[in-house]
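Below you'll find the structure, written out as structure tokens, and then a few comments.
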């Protein structure tokens, strides 16, 4: 096949997805971007150019120095949660994927165990979220258990409605998003490479660092993209598990939106989009996942 | 390189894949510091044996001893062996030099030192100019040379090589062959080298182990095997022999010991008659294949001068004769064919 | 099988990988129905050339003609070629028989018919008992035989084979070699067969194309090349020759034409003197390597009888002499070494 | 859709949607109500973004300030509402049936009840025939407490920020409502008196948020809640002992056997009200069904049903006709129950002899201090709220 | 190695078990609480033990018809699943070659992932409003809306599942052996045949994985649906809508039922697979295939 024809076929193959994105993402994004540059008052949006949505967002960022303004504080907090969640999901997800890919040797069992991990997600998150309170609350199962075991005398307050519970819930929700791509990268690794590494005297740990991690990198990057992007925009989990007391980039947008301040919400969304894209392109600079295809 | 060689002993070593016996209770003792070639047809269990020794394949039953130590259940790294893989198994994400230097990196050798050492080995396999490339950018033979260099860099007591030379061109093969032998002698290591090139085995080995259908067919020094094949299989596999059945006995006669005569000429020793079915020009000699009447084909190796003088043509009838003292009497015909593992099982 | 052969013509065919020229503007005409062997050292561009012909690698510049048709930009399926891959490329999810029958399945041949046809080819490569296995359960050589069968099942005008025999044991190699030649003759197809075994090329080819560093070094019939190497490279690669520089001229002398004398004996023709550095037992003959004083090593092939009579030992001084009419004068020494692609670029 | 099936798509929160109501409506009028259930925030957003996806809307008065300018809802014709004139004067005049004026801080319903014209986007100060929302339910909210855990009388909004309840207090995380609760506290503690708690100046917003932020930083709040269950769970599990709450949530906690009081406070209640309107996309026969439905709703059965849940209904007279005297006495007049008080589904809510928290309708509605609101400085307030959350 | 498991296996298996327990942690609370007595609430303690809440799920009474919402979500989830698989695999194939706009599409997919779901939802709603207005203006009588489960709803869900699908495809095609496709093409397979008979079977398990992933994402989707679903809600939306009022353990019963049915289906599938494998082992000699 000639190069042009190949390219054309590739183009055709990508077209349906492109079309969906064009219709349901790019066009709406365009509207949102336009709206983000509209003016608005307390009650409605005004179709006139204004950067108020943006400037209001950064209100006090210079005036408050050296203190951080709301948006910076919020982003720092979001990034902190994001980083914690990322590290934990990566560690747990990698280990789980490793187990599935290298220790569970039959395809059937790999599928069964994967499904086992999927089933909880088929019960709606709305329901699962409610179930954390009887578990982690002041009089929840965990505290009662610990008290019963004589480990604590006062219930642990930080189990619920804290950064701990937020990160716990995020890890709970998104570790599987790490497992899937890392697992898929790992099963492509030729077993003989691992044998060769052992043979060269590499310890299990060295094999992991020198062979498996580099070869699973695309999966790691993809999983990281999943987790980072979702956590950056999350407001539901952070809201519920943080007792609505923890700020996040997503929550700012949600609050604006619920107050029907669309231009301000849109402006915040555009900012969030920009920042997250920056993080992701930094990540893909480290590993060009498209080169590894 | 300060390691010493170790002897290898296999005791009733068996490998089954599901119901198929790939290696069938073999016993083998290889003295420390010797060069052993595992020779045999495709699928006879050479790779399986080697992989069990290396520790990459679980043993179904039997034992493996490296020196006095039973290593049957040890991990690869604790066996004092190193292996070069048949399919190269190069690390796709590492450059050629990093592939070669990998084992040193694992030992914690500093970068400059391990690059220096790796460069030396790349030089040896003539791959110095490709040091910075990734395996995916190499030709088949080039990949194999890198794999060889990578295996050579560890200094194990036993080096296991799975067809290390098969994808090399003749230049390199000869050169690597000599280098391998030299290395083995210098280091005094035990080498186990899988090949199906009988010439390679002849040139390199102190001990040739000829396998067939998961069992050992014959073992001994190259010269011993070549001059005294005990079975039809050995005679055929080792090459350069014709197996001729005459008077209810079977003999192995070397192709270069076979003399061709016109049917009209008189012959002294034993002889068979047939029709020339093929004439193959082989450079220094000509191979003449003769379809023996009521028998299998045999071939004779005739020097070019002789051939040009006689000028045999395909379809001509000839008589092949030999000196009876030069023929080996073969054992029972039961082992005359290549046993497929299934049948062996 | 009703296809006919087609001629193949390469015009200024070039392949660059990034800045590296792997194939350097080669011109080649192969008549329809001939058996052509691409011969050359590892990395000289054989696989790249073959892959361009098959249509798996984009041509950097130049043209490929199959018969009268310029196929340079056609997809593989429209080129009337079929290829057997160097690294087998067996479909891991299909059984052996389904791998072989794949092409027929694509054509919509019914299952029973294609299994019958595939079985025939498996028989040919001696893999019938393995029909139901998956490729991962085969040994290296077994995989290669399946790949060969798979390539043979299509009935193309030109069959491209990348080292089809390299992983086979000698038994099979000889058998497959004969089968390949027979097949080619029967079908009247054009075969392009990549190898670096000069013996294989000699035995099979109508035309041998010797490549070096992306260029064609010499081409012609096997006998022509063997008897009249034009360059030092050819002489060395084709094997069986010593390249000896004498009086500012370079000659190629066949190893079996070299006669060894004790330094005390008188010699008539040209001669060089040196020390025996190696004696290799080779079955039907003995290879004696001589380190020529102030020159490279040369080797002589001595029959076992002769050798046993003279009983040369390593370290002994000998004189090697030859009949001047049996030596070929070589062209400029510029091509005396293997060109690495880098240097060729 | 077949033409004879009378179907109305009813968008609202689950609070006001009752299975029994739709069944009864179908039986009485032949109109099939298809509930579209969403959270309060989503209901509002859907009105703006998908006006075509519903027919009848059930929403709160205070959101009208945002919905009316969108032009997506339809002003109803008062003349077509049979019981319009019987709607409690709380809505139409801002006074109790006995004539007593009630608090008008915030977005009191009577301020946004009328439009100037059918397609107008401005509210009329005087009655017109163009009605924005036909009232359905309303109530007066206060703090819920756990008397068993507090063990002392609570009588003021200031208790919400009392350090005694550090880590055990909660408010509603809807900025416009949360800040009103905060304002009740500020005013009760004498730190500031607002001209209109429902329409603060920037300075007032700053002050209120500052007090709240200090409390938050001091760890006063266990959590903020956003939906019904969160508030129930917080209370029932003892995570909080004092928090802003909804009446049915208190009932729910109590029904779980846990002591919980909807505590009347001396500073009064924060009130809310919701009602019906119609999407502007509705026309023709569908509009007629919509009127038919609204008229049915006001005709008594539904009112009684709502009253039995602890809410108040719009047309008291028709509701009363559909309730027993004992029920009416318990729910509306603050009398002790003579027999057991049952919920609409028949389960026993209160034993005989119980009285309702906060007393009679007149007592409660008469003590309304302010109404849920959208401020003029809403934008500023939301920004400050975000700041508060980030603090 | 091989038949005897190394110690690391047991360590990792323990870790995996711990992870699964962690995953199921809140689920256990749900399973237990779904057996609450008729007066029980959403939290401990249990107020008696009964099956009434399971009955409630089936009776379909209540403000929202959970059964109908369940069915809608299931339908939507399946359609999303199919679309996700088809479009992702197709685009994944495209990405193995370079084509104009590849980088653009890649970043669009990422952006679609990042964009806060509510904003995307809002944008789509806005778009459909314009479309509706346009249709009404162009004089289609009795037009209500183009929005719906399988128009705007489907689109919104796809903007969520497709980026996942595409990126997982990257992991799947990571170092996929091109020679297999070359070999197939060489044997006369058309590009479609190459895909159908070589590429697809090899990547099939992972593709099934993408399908599951897509379904799960769609099944649990909330924010993107909220403004785009039209007049009928998906299950999560209905459940969320219910949270504004007294929520009863019947939603827990729903969770328990979902899990129970899933376990049953998977268990049956496992039995079927194992039986098939055993049969195959008896018939063909694909020995040694089992625990590789």
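Lettered A, B, C, D and E in written order, each chain numbered from 1.
Following the convention adopted for this analysis, contacts are C-beta pairs under 8 Å (C-beta built on N, C-alpha and C of every residue); 3 or more make two chains touch, one makes a residue touch a chain.
By chain, UniProt protein names: A, E = ABC transporter permease; B, C = ABC transporter ATP-binding protein.
What you see is a predicted model, and the numbers here were worked out from it, not measured in a lab.
Chains that touch both chain B and chain E are the following: A, C. Of all chains, the one whose Cα centroid sits at the greatest distance from that of chain B is D. Highest inter-chain contact count (C-beta pairs) belongs to A-E.
For this pair, chain B with chain C, the centres built from the Cα atoms lie 20 Å apart. The centroid of the Cα atoms in chain D and the matching centroid in chain E are 38 Å apart. Per-chain Cα centroids separate chain C from chain D by 90 Å.
Note on chain placement: the centre of chain A and the centre of chain C lie 56 Å apart, centres being C-alpha means.
Those residues of chain B in touch with two or more other chains are numbered 17, 55-56, 75-76, 87, 92. In chain A, 130, 133-134, 137, 140, 215, 257, 262 are the positions where the chain touches two or more neighbouring chains simultaneously.
The set of chain D residues that touch two or more partner chains comprises 45, 229-230, 233, 237.
Within the complex formed with chain D, the chain E residues making contact are 39, 41-43, 47, 61-64, 122, 125-126, 128-129, 132, 144-145, 147, 226-233, 237-238, 240-247.
Here chain A touches chain E in the complex through residues 6-7, 9-14, 16-18, 20-21, 23-29, 31-32, 35, 92, 95-96, 98-100, 103, 105-108, 110-128, 130-135, 137, 140-141, 172, 175-177, 180-182, 184-185, 187-188, 204, 215, 218-219, 222, 225-226, 229-230, 232-233, 235-236, 250, 253-254, 257, 262, 265-266, 269, 272-273, 276-277, 280, 289-290, 292-293, going by the rule given at the top. For chain A in complex with chain B, the touching residues are 190, 192-193, 195-203, 206, 210-211, 214-215.
Looking at the complex, you find that chain E touches chain C at residues 177, 179-180, 182-190, 193, 197-198, 201-202, 284-289, 292. By the touch rule above, chain C contacts chain E in their complex via residues 54-56, 75-77, 81-83, 85, 87, 89-95, 102-103, 105-107, 132-134, 136-137, 150, 153-154.
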